[in-house]
Structures are given as structure tokens and as C-alpha cells.
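A, B, C and D label the chains in the order they appear, each numbered from 1.
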Amino acid sequence: MPAVLTVRLFARYADLFGADRLEIPAEGIETVRDLLARIRALPGGAAVAATALVAVNLTQARGDAAVSPRDEVALLPPLAGG
Amino acid sequence: MPAVLTVRLFARYADLFGADRLEIPAEGIETVRDLLARIRALPGGAAVAATALVAVNLTQARGDAAVSPRDEVALLPPLAGG
Amino acid sequence: MPHLTRARLDLGDLLCEIAAPERGGVASFLGLVRDHHEGRGVQGIEYSAYEPMAESLCEAIVTEAQARWPVRVALRHRLGELVVGDTAVAVAVAGPHRDEAFAACRYVIEELKRRVPIWKRERYADGTEQWVDPTREARSERVEGRGSLR
Amino acid sequence: MPHLTRARLDLGDLLCEIAAPERGGVASFLGLVRDHHEGRGVQGIEYSAYEPMAESLCEAIVTEAQARWPVRVALRHRLGELVVGDTAVAVAVAGPHRDEAFAACRYVIEELKRRVPIWKRERYADGTEQWVDPTREARSERVEGRGSLR
């Protein structure tokens, strides 16, 4: 079974993909930047900002941060608390 | 009957003179500065600061403001609200 | 206490948590649901969060404020369906003096807005709904500002 | 509502007075009686005022804040005998956004302290009492500051 990255989706992005999570084949994805590029290439994915926030293990991650199938990964729309 | 200035006292100054108000002969008192000088010459009055606050008709008054027996005059210790 | 809740927020509860005889200054902030936003009539807001991350960041922000100033902080954000006038967020800070209390209160609400993964969908009077995007509003405000004569 | 009262202060009452559907940001400040002051144990404080002047100045300060920012302000100061933990002063400000609410809240408490004729006599744990003089404290703090190596 090929490894997959599970990406949690919220708010606008959950609506965009009609799902609470994406299962993405991990092959060729080393970093947050790679992951974002793959997501933006999905149908409807162009609406995800190239600078979208990604959290890895509950912490906001930079583009060059590593991601692996063992991590809890989340794609965060622009924050709007308060 | 000679005219008198009634000066209301509060807090520390009420304790100092043992009274809620002073009745001061108005003769020779034209301004807030004159009044303060007279008060400071009373027994115990040296403990009143030369820069003590004086209110005339519910408004803080400068040294050169006029006072007359028709005014409501008050001698205010350093403010400590809040 | 968890910082995220679906129950009504009560500032009195927060004040009780942080009160102590040596703390004389208490600053607080409440964010309420307003009846309008960008010129549209608002009926309600649905708040949602990436809950484990939001909890952990709220706790981090409280800890940061308490390390930086000699204060105690209580912070609560509500999730779920809110109507106009409901309290969405409450911050209360008690310290020995008002300077620290105000500074820490301001810090907590600004950091919450900047860092905590919470989202809101507004329900408008005309029946439509929309996710709120503060980054887009900031951009359009800048563009409008540039074009105006004010 | 008069701004001076001998009754217990309740922040909830002030919040009700200023709430409105178009106001989303509410900042507030409470000044409580602390259990110490300048290193001495405090048991209670008696607040008194030159009442007509203090009422008139509180009203002026509220009016100034409401003219300068698009906010509604509630301000209340308690008089009489207070014990540790009692609320001596309460300020609540509601506005469309938090910047104005915080700025106006800060303005009101600072102006109250600077301009309103209210006095307090502290009762200490050792049975003595003393009128509080913030101008004297500011002077002695400056002198101490000059002499220290911090």
C-alpha cells in the first residue's frame, strides 16, 4: 500500500473540497511547499492560496518544513477568530 | 456684618482644621492666591501646600482667578480616586 | 478550564478565576457579534476551530502574557452558532496595577486574532452565508484607501 | 445614573447600559481594593468625594470620550467603607471595534484619576489609618529611582 499524507481541512477549504480531509499519495512530497503545490493542482485547488497556512503537528510550519505520513497535517484558511 | 468666604474642606484638610468648612473674612482677598496665603497663615495651615488645588464653583481655579463671598469655594487635597 | 467552549461566555466567571487580594487592576475585553459587517446586515455567526491546535495556542498565549507581565489571565472563545449580541471571545486580566493589566489584555486579544486557528461564517439578513477572510478585507481597505481623497 | 454610589459596583450593570447590536468591542477596567500598599498590609479603604464637583467631572469625562471616539461609556466610582477585593471604580466602553474601546477606556480611567476630587483613607493591619497622597508617592518614587543602580 503506497504511503498517504492525511491533510485535515477546515472552514472555507473544507467547503472547497467537500471534505474534512484529503488523502494524498506521499510520493514526491518532502516539504510543506511540495504538499501545497500538490493540493493546488487538485480540482478546485487553485482557490487555495500559494501562501496558505499549513500546520504540522499542531504548529504552523514554513514552506521548507518536512512532512511525512506520520505527521498530523492541516491546511488552514485565513484565521478569523475573535 | 463683614463679608466672609466659606471654604469647604475635604479629607486630609478637613482633619487638619478639624472642620468641614472655614469661614474667612473676605477683606483683602481678591484671588485664589490671596485665599491660599490666608489659609496657610492659619494655625496648622502651613501643612496646606502652597500649590493646593482650589475649586471655585465646582471648577478647578488658577491662582489668579477671582473669588468672592458669592462663590462656592473648596480646598482640595491631592486627588486619590480610582 | 479549556479555552474553547460551546457554552455562553460569562465575564463574571473569568473575573472570579483571576481575582486575588494582591491584584488591584482588572482589564477585560469582550468581542460581541455585531449586526453588520462591511455594509451587510448580519444575523449570526458560526465559529469553528482546529480545536487541539487552537487550545494549545490559547494556552501558549496566556502563558506568554503571564511570563511577560505580573498578571493572571483568563481567556475563552466560543464555538458554534452565535446570534447578534452574543459574546464570541472574552479576555480578563488581573494585575497589581492597571498598566500591566491593559497591556496584557491587549496582547492576548491581538495574538489570539493573529495566531489561533478559528474561523467564522457569517449569516446575512438576505439568507446568504460567507466565510470571513480578514486578510482579504485588509487588502481591499488598502486599495479603497489609496483611491479615496480622505 | 449618577457616577458616584455607595452601593456595590457590578460590571454587568455597566455592560448592559452600553450594549447595542452595532457595538462589537467592549473594553472594561475595574479598580479593586488591594491587600497592600507601599509595603503595608491594607484592611480597607474609605472613599469620599466633593460630590457635586466629582459628579460633574465624571460626566464631563464620559462626554469627552464619547465625542472623541464612536463609543458609549459607563463610569461608576464607589464611596464609603470598602474592604479588600471590593470594586472601587468600574469603567466599561463599547464601540464598533476594539481599538476605540481600549483607547476610550484608558482615557476615562486616567482622566478620572487626574481630575476628579475623590480621596481615600487606608486602614492598615496595625490599626492605623492614612490619607493616600499619590503626588507624594510619585515624588518619593522618583527620588528612590535616582538613588538606585537599576
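Here is the rule we use: a contact is a pair of C-beta atoms (placed from the backbone, for glycine too) under 8 Å apart; a residue touches a chain by one contact, two chains touch by 3 or more.
A quick note: this is a predicted structure, and the numbers were derived from the prediction, not measured.
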Touch graph components, with subunit D removed from consideration: A, C | B
Cα-centroid distance, subunit A relative to subunit C, in whole angstrom: 26
Between subunit A and subunit D, centroid-to-centroid distance (C-alpha), Å: 50
Distance between the centres, which are taken as Cα means, of subunit B and subunit A, whole angstrom: 74
Residue numbers of subunit A (touch at least two other chains): none
Of all residues in subunit D, the ones touching two or more other chains: 31, 109
Chain contact graph, described as a line, ring, star, complete graph or other shape: line
Listing of all chain pairs that touch each other, if any do: A-C, B-D, C-D
In the complex with subunit D, residue positions of subunit C that touch it: 11-12, 15, 19, 21-36, 84-85, 96, 98, 101-102, 105-106, 109
Subunit C to subunit A touching residues, read off their complex: 31, 47-50, 52-54, 56, 77, 88-89, 109, 112-121, 131-136
In the complex, subunit A residues that touch subunit C: 8, 10-12, 15, 53, 55, 58-60, 74, 76-82
